[in-house]
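To start, the structure under review is shown below, and the notes come after it.
Letters A, B and C name the chains as they come in the text, with residue numbers starting at 1 for each one.
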Amino acid sequence: MPDPTDVESRLQRLEDESAIQRLLLTYGPAADAGMAGVAAGLWLEDGEYDWDADGDALQGSDAVDAMLRSGAHRALMAEGVAHFGGPLLVEVDGDCATAVNYSLIMRREEQRFYLWRVSAVRWDLVRETSGWRVRRRTNRLLDETGGGLQLFGAALQELFEDGPR
Amino acid sequence: MPDPTDVESRLQRLEDESAIQRLLLTYGPAADAGMAGVAAGLWLEDGEYDWDADGDALQGSDAVDAMLRSGAHRALMAEGVAHFGGPLLVEVDGDCATAVNYSLIMRREEQRFYLWRVSAVRWDLVRETSGWRVRRRTNRLLDETGGGLQLFGAALQELFEDGPR
Amino acid sequence: MPDPTDVESRLQRLEDESAIQRLLLTYGPAADAGMAGVAAGLWLEDGEYDWDADGDALQGSDAVDAMLRSGAHRALMAEGVAHFGGPLLVEVDGDCATAVNYSLIMRREEQRFYLWRVSAVRWDLVRETSGWRVRRRTNRLLDETGGGLQLFGAALQELFEDGPR
């Protein structure tokens, strides 16, 4: 028979994993639909979105909001675009969590779609009173620069340093 | 120590999310394998599959079954096709549920595959005695018509109108 | 009020599903990052990776490790590659489990990415003292040979023969 305290912590862990997945899976549809406020609301007010090795990281949820209201983003939307997030590998550690997945940006062209960007993504999250929020999202292309490869390598090293799961 | 009534409802919610994910993730492999009965069995007998802005919605699971037995679908299968469903954002509300994801149809061509259709998808589900079933699936391409964009926008608006999660 | 024995088995099932998802979602990032040991560690020592109808199956986790250290794999990594795994349909049956998903290998080319391989995947898993491990992974291309189609068909037939879920 399970210990009631264990039941609470085991349920909490499963619920945390579910809540984090729902939070992060909101990003793509919100970005595609131009719901800048919803997408930016995933982040802490002072959260960060380091979306490319070449660019400066977006500082604060207001900067994420502004990016999604920009002409460049609106032009993608007008053409047809999917900010697809892959399945999430989530590790919860108390009030912090890390998630790793792939981000695929697909764009419309001549009655088809093509893979414009394929990135390795790492999400660092914290639990706030109102729920889980993103402290930092880091994206790196899985291209010849090795940026994506290094991001995945470092993230897995951290996840596995506490021993086998 | 958790309240036993809470434990029941918390477990039930997690199990509902899991059951819905397994149900909906069956569609792609069943469609690719030509298992029309399995794929159509996801729907209520009088369920609906509104799969494109241009076409008439398929009315009833028999119509889904017939579509998957059609020559057009068989031709896709013979060439090589993947009806890939992305990770599901699931919201359970008692005996109803809504899920949102991406559908990617990939086709074989010259030793590669290409992205033929990239759609925004909304699933409306109900709990039957035999388990969760699809009342309506709506697909819209994420293309220049804005159909996919509008589908995602309306779905997220509903999911978020009950306040922050 | 739930029966405490039921609570234990219901929690265990949800935790098993979560653990299997985290295990299997590790493969792609580990393969992309060249962490051969982490990726090979998913398998039992005498596990099998039957990755293509044309090739011989890799026998043992050492063979998976060697494949990921090979020049061919290193060349893919240098160009830019994503070994993307789709959402997992997981069925746990005591100390065994089956999972079905799609594997997409995306490669870099001329500032874009393309879909090189799109496969149907079946994972057979067993619970060890140290956690879930892969006994066998089988991949088949969803191409004109019908290999992927047959893999999905056979796997779903098994999953559904125990009656409706």
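Simple rule for what comes next: a contact is a pair of C-beta atoms (placed from the backbone, for glycine too) under 8 Å apart; a residue touches a chain by one contact, two chains touch by 3 or more.
The structure presented is a predicted model; accordingly, all values stated were derived computationally and were not measured.
Novice: Moving only from a chain to one it touches, give the least number of moves from chain B to chain C.
Specialist: Counted as steps through touching chains, the separation is 1.
Novice: When the CA atoms of chain A are placed over those of chain B, what is the turn angle between 0 and 180 degrees, to the nearest 5?
Specialist: When the C-alpha atoms are superposed, chain A turns by 120 degrees onto chain B.
Novice: Same or different: at the chain A/chain C interface, is the fraction of residue numbers used by both copies above or below half?
Specialist: Interface between chain A and chain C is built from largely different residues.
Novice: As a quick test, compute the distance in whole Å between the mean CA positions of chain A and chain C.
Specialist: 23
Novice: Please output the residue numbers of chain B that touch at least 2 other chains, ranges allowed.
Specialist: Each of 7, 11, 14, 86-88, 114-115 in chain B touches at least two other chains.
Novice: Quick one: in the complex, what on chain C touches chain B?
Specialist: That would be residues 1-2, 7, 10-11, 14, 17, 86-91, 100, 102, 104, 114-118, 120, 141-144, 148-150, 152-153, 155-157, 160, 164-165 of chain C.
Novice: Would you tell me which residues of chain C are touching chain A in their complex?
Specialist: 4-5, 7-8, 11, 14-15, 18-19, 21-23, 25-26, 28-30, 32-35, 38, 41, 77-82, 84-88, 106, 108, 112-115, 130-131
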